[in-house]
Amino acid sequence: MREQISKFSQSPKAQAIFFAAYVIVTALGLYLMQTSVIAFLLLLFSILILYYLKLKTRTKWLIGLFIIAVVVPLVASQGPSFQSYMEVGTLVGIYAAMSLGLNVVVGFAGLLDLGFIAFFAVGAYTYAIFASTQASHFMPFGHYPLPGDTFWLFILIGAIIASIFGILLGIPVLRVRGDYLAIVTLGFGEIIRIVLNNMDHPINITNGALGISSITPPNFLGIPIGNSSQFYFIVLGIFLVVIYIVTRLEHSKLGRAWKAVRDNEIAAQASGIPLVKTKLAAFAIGASFSGMMGAVFAAKQMYVDATSFTYLESTMILVMVILGGMGSVPGVILGAAVVTILNTQVLTDLSNWLTQLSTNGVISIPDALSPAKMQRLIFGILLVVFALYRTQGLIPHKNRKINVEKLKKEASEAPGGALLSKERAETGGTD
Amino acid sequence: MLQQIIQILPQVLVDGLTLGFIYAVVAIGYTLVYGILELINFAHGDVFMTGSFIGAGVLFFLMSIGFLSSVPSLIVFIIVILIAALATGFLGVGIERVAYRPLRRRNAPKLIALITSIGISFILEDVVRFIAELKTGNYIITAPSLFKTQYHLNIHSIMPFFHNVTFQASFLVVLVVTVVMLISLDIFVNRTKWGMAMRAVAQDRETASLMSINVNRVISVTFFIGSALGGATGVLFMIQYGTIDPYIGFILGIKAFTAAVLGGIGNIRGAMLGGILLGLMEMFAAANLSTITHGAMGAEYKDVFAFIILILVLIFKPEGLFGKAVVEKV
Amino acid sequence: MANENGTHFLELKQVESFYGKIQALNGIDLYINEGEIVTLIGSNGAGKSTTLKSISGQVQPKTGTILFDGTDITKNAPHQTALSGIAQVPEGRRIFPRLTVRENLQIGAFSVKDKKVVSERMERVFGYFPRLKERLEQKGGTMSGGEQQMLAIGRALMMKPKLLMLDEPSMGLAPIIVEQIFDIVKEMNKEGMTILLVEQNAFQALQIANRGYVIQTGSIVLEGKGSELMTNEQVREAYLA
Amino acid sequence: MSILEVKNLTKQFGGLTATSDISMGVEKNSITAVIGPNGAGKTTFFNMITAVYRPTSGDILLNGKSLVGLKPHQVSKFGITRTFQNIRLFNEQTVLDNVLVGMHQRLKGHWVGTLLHFPNVKREEENAKIEAYKILEYVGLEEYVNENAGNLAYGAQRRLEIARAIAAKPKVLLLDEPAAGMNPKETQKLTDLIHDMRTRLDVTIILIEHDMKLVMKISDFIYVLDHGELIASGVPEEIRNNKRVIEAYLGKGAVLNG
Amino acid sequence: MNIKRLIPLFSIIVLILGVISGCASGSAGGGSKAKTVIKIATQTPLSGPEATIGDALKLGAELAIDDQKAAFAKKGFDLQIAPYDDQADPKKGVANAQLIASDSSILGVVGHLNSGVAIPSSEVYDKNNIVMVSPANTATAVTDRGLKTVNRICARDDFQGPAGANYAVNTLKAKKIFVIQDKTAYGSGLAQAFRDQAAKLGAQIVGYEGITVGEKDFSGVISQAVAQKPDLIYFGGVYAEGGLIIKQARQQGLNIPIMGGDGMDSSATVQIAGDSVKNFYFSTVVGDVTKTAKGKKFADDYKAKFGKNIESYSAYGYDSASVLLQGLMNAIDKNGGKLPTRQAVAQAVRAITNFDGIATKVGFDSKGDNNFAKIYIYKFNKAAYPATQVSEITKK
């Protein structure tokens, strides 16, 4: 048995066949049982399997994208649950992008941030204010609401404004460390939320606690966008951009600087890394992802108020990052997916099922213990269990391995680098 | 404007002290655990909440057996607060055993304990809610008030620029009990053998273990004390405000944690002063912000005000008001 | 070399220890007989402190056994080892900076319930270090390096240990103070204390030691009588300049 | 001429004086050792040169320009890099990445260029990797390229710190106890490496070291610190026979037996 | 490879999911054999700080559904309730709304409590033609968006607030009014409407302050009120904070009338405020249900079934569900006894013009607001719930 497993784990061909079979079976399952959440989840699970297969990275990306962007929507679109699945997918995308942003701050740069939702709020309010009549309360010029075509621009504007706020937060934060940093960021998040909730006087900017409603839906080449399935693709697009940025930066000069600062601030400085600039870059880039998704969120909800941006939300995103595996990009995405799907779909379905059982008289539960009320309790238990048994996160971070052979060959071919100008053969190093 | 601020100042002081002392004791729970484990125990606010519910439960039970009418309320109160403190003390020890110690043994990253503490806090909130709802049908509980007598301090006649002050007997109870708790904790930590062991473990866990101190036991004791204080404060909270629900721990927890940081986390006296300061500041802001800003910002900004002060303090004195700067050895 | 029963007071057999994935000890064998001063010398990072930590239980050896006074203490937690009679004066002294001198000493006698015994032992410590008596209410962190070292040794003596382990007691101290400390160590030994001394200052350590071990990258490379090692060419070259 | 000059350098922590009134000059392309007992203020001295601490008084001049008041990363840009006594590697990163971090100041590529796939950034990154590999070969760590730095053995970690420090192409390289934890064979290799670096990299080396054999063998000049004060300086032979040094540091034993 | 260590974890999840989906589909299949299942969903906060009201709404609706079960069974339908927990979180509300939309047996929704959740969720309902009858959303934006599926039986802020203001200024002769609100969509909306009307009537607004929901100490704001010497305090918010504000105001010697909105209409107000509740007024859309025979029966049934006393919100929940079921029944009849489409149900509900509920009469106007929404003003003369009705205001 073990032998077979090890053989299987060595053979890309067998894996590919198995994987194809898995995708076909689960896709078929979802196609036939449209309302079955489990079929949907099993199909999504294929992405995780794909991650562990021994295939070329590029191939994996293409297959994964194909499944997410084509197979899942296509198969699910046949039934009544389509929009519901797409809504979950959209939320996963939003949270995954935010988690990746927080991962830059916490996972890469090692700065604990408990107020991360503030940037999401900033992005959301930015779009909400200008895409509703709200802006006309204080803007001396312009015609509001702005048309839905501007949404695409606002994704960018949301990112920029959020990153400005990221830098604003960063400046005071640079002097404080560790857990003090946590409380300062927590305070910052709360300040933003309370201010947003109160800015209806003296000048009405955010409409205060009443929130901003009737936000113009985005417009794509004249088609108004309002369904979850449409937002799914917008979110997917942004999400891909975010992944691209994160993975590119992780292995760039900046990414190395972040991790160096995280691992050892003093040695990082001694190696020539400017602390201030590096940390601010982490805050700004992390925040910008949230800002983008904030704009999408406002457009999707068509209504924004401060209740969506509480401290609890910040901790939830942090939970996604830590649960998934700090610093690990696939881990963080998985963490976001697990927490979001649990919260919005699995626990709801679980409690619905229990309610069904008790209405049908299979089990009897007193009203005080109604399963519909248990979602957070179950979530809490799962958090503790996960944390105790997967202490490094679901997919722990691993460093990228460089192809040594290739590097060696290149090094021997390259003309003597500027550093080691004299011939290597002279001393043969120290060996 | 200034006149109005001064007029209500005595009342604001009284109310601010009430809240401040409650923050102070809860803040100590955070600071004790942080001092010894460098862990932000997010569940502590909910231990406080559980304490208030246990207190309410005991009070209702005593009432149902007619104990309340036959015995002076001070004795009832002492019984209630002792039971609640003991129970939450053991709850704290249990939480440490289940959620934190296994992680410590496995050398898990420090942040992962944050997740278990958040999880524990969800669990506590909901378990308390379910029990309360099963028993009473509603989880917002209003406890019978023990100390209702109203006092009027007629300072207006002595100092005419002040308004009079009114408070309830419960205010005195809160004041006396918290002060007693703070002083006895101070004595415990600074004068007793176990207190000394706690300080030793907080300063240098490794070396303390070389001195035949069982570090795990000291940590348990710390959790017991912090949680018992939190639980007892929960009872005081119930006595003072009358109404409790399973979610009181959340906001109060954040505030108390802020207070602990304000005073310099890990520093017990700092936490006390930070708590009192935060309570006073908050009450002052709630009472005067709109007077000061001419209505542009009202009481709803009081938390913003508190957090801005906190951030300013941390920027100019990153180790907190009463903390000691730690110089990193290079 | 063994005592009458064929066992040693303290004995390490093939002890291997790790910090995470890094192997710090590659199979240490050493023993101490009752009443000896044994010194362990080697450069920074050679594994001296790790050896002490393995004995005290701060580092759990992966393989090998540690026997003390006939019982196996390999898997003991640090406080259990301390209770069994081994006191360690850690590297860098590690006194509790915000406890007073008195409290630092009291912590040493944490396992003693009887207050009278505690004050008796304290008097004994004052016998060795009269300076501590003068500074009883001072915070540990405010004392000079030499005083801190005295306090650290005094704190260990409060446990009334059967074996005293000293980790680089001379570090950062003026030569005159180092000499004082070493004199006291000799004196304690004369009064019957068994001592394991880890030192970088090889000369002085070997001068007072009955026997010595030289440790290099996690292995014992030399052992012998103090005087023998002192004249050993290898030792001289590496450590005595 | 002196590349690095230190004038009346004093550092106090609270009331404690860590170093007092130290003055010295370091010749260009020399190997200079700073020795003294533990706690003598050697590392504090290094920390002031690299701007980890700001001196209480006194001045530090590199090629005549003052370094006092700069940030640590600026000092590195000026051409002074160092290793640490208690090894400070980026433990969670690979050996190669550690060296690449060392090159930080020299890499010009902006992150925006990284995102937009600018060919020059890409090329620079490729070349940096090749160069980093060569440096690792040079210090003898090429087989650990993909290993996490935290998983290396003690001696290898020391060499990696050196690799990281020279990756910045420093003018002055400060080595804080580079031989600690090495066995004689490794120490021998290290001695060769330090010698070789001086000529090959055209760098001035200042080192703190306890291994007297190494110090005496490679140093051109030696400064001895004790209790924060400079008690002696000279060529190795002078130091070896200096009474005060023997008393303060090498121990009376050395006098008696040596 | 890490896959091995992940296997147990995921197998557990998969197992749980398998059980859920298996049983869920099983029970649905079992139902369809006998009768067509019709579900009415409720979406209210069932966990979190606002769960008491959310639960009362749900239980009221549940009782209505139970009452009508037999009638629907006669027509061959199995009527069931599907409770959802929106956790007072807009995101969760929308996600649930999508789940509701995907369950084709759900033909209507009773909900929400929070306008902030109702507004985005109703966009989803509207896209799927699911009718929503709101028992508690008073924000004007809920119906002002002109969605065909959105109805409410409670009064709008811009009716209730001014009605309270009229009473305060004209009847209670308040000249200086101190307004406190809880900074939620509900409390803010109500307090704003009250403030604007009161100012229009010539009263002086001496303070307009916000508090934080979930806190228990409001002495700061009250000190400020004391300093302003108002002759009436108005509070926009719900009883959890309102009760304490009454109590703490009295403790500081403010023995002036205090007034609130329908969020204060709960037995818990009395519980929390105790004796202080005397001289407290509140406006509400619900008459005293226990006065009528129908209402009395409702209260008794409720107590018998759930073991709790009714809250005003229970009656709202009951009436919302009843109206919804009435519309549903009409749609079934119109469709010849067969299952109607969601759209047909929505139309039938909107078409209701005269329905007698236990708390209020219901008839929807073109926006979905209730034509019959009346405002009653109640006053506590003693510390006992319910309070005494002192005024009745009909919609202009």
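Points to keep in mind about this one:
Chains: A, B, C, D and E, in written order; residue numbering restarts at 1 for each.
Throughout what follows, contacts are C-beta pairs under 8 Å (C-beta built on N, C-alpha and C of every residue); 3 or more make two chains touch, one makes a residue touch a chain.
Since the model is a prediction, treat every value here as computed from it, not as a measurement.
Shared contact partners of chain C and chain E, listed by label, are B. Two chain pairs are in question, B-E and C-D; the one with more C-beta pairs in contact is B-E. Between chain A and chain C the centroid-to-centroid distance comes to 52 Å (mean Cα coordinates, whole Å).
Rounded to a whole number, the gap between the C-alpha centres of chain A and chain B is 35 angstrom. Remark: chain D and chain E have CA centroids separated by 71 Å (rounded to whole angstrom).
Annotation for chain E: residues 47-48, 51, 183, 210, 306-307 touch two or more other chains. Counting partner chains per residue, chain D shows two or more touched chains at residues 52, 84.
By the touch criterion given at the top, residues 56-58, 77-79, 82-83, 87-88, 90, 94, 96-99, 103, 106-108, 110-111, 155, 159 of chain C touch chain B in their complex. Of all residues in chain A, those touching chain E in their complex are 9, 33, 35-39, 41-42, 45, 48, 52, 79-88, 91, 197-198, 200, 208-211, 213-214, 226-228, 300-303, 305, 307-308, 343-346, 348-353, 355-357, 359-360, 367, 370, 372-376, 389-390, 394-396.
Only residues 106, 112, 172, 175-177, 179-180, 182-184, 186-188, 190-191, 194-195, 197-198, 201-202, 266, 311, 315, 318-319, 322-323, 326, 366, 368-369, 373-374, 376-377, 379-384, 386-388, 391-392 of chain A touch chain B when the two sit together in their complex. Considering their complex, residues 4, 7-8, 11-12, 15-16, 18-19, 126, 129, 137-140, 142, 145, 150, 152, 163-164, 166-168, 237, 241-245, 247-248, 250-251, 282-288, 290-291, 295, 298-300, 302-303 of chain B touch chain E.
Across the interface of their complex, chain A is touched by residues 50, 52, 71-73, 75-77, 81-82, 84, 88-94, 96-97, 100-102, 104-105, 107, 109, 111, 114-115, 125-127, 129-131, 133-135, 137-140, 142, 145-146, 148, 164-169, 189-190, 192-193, 196, 200-201 of chain D.
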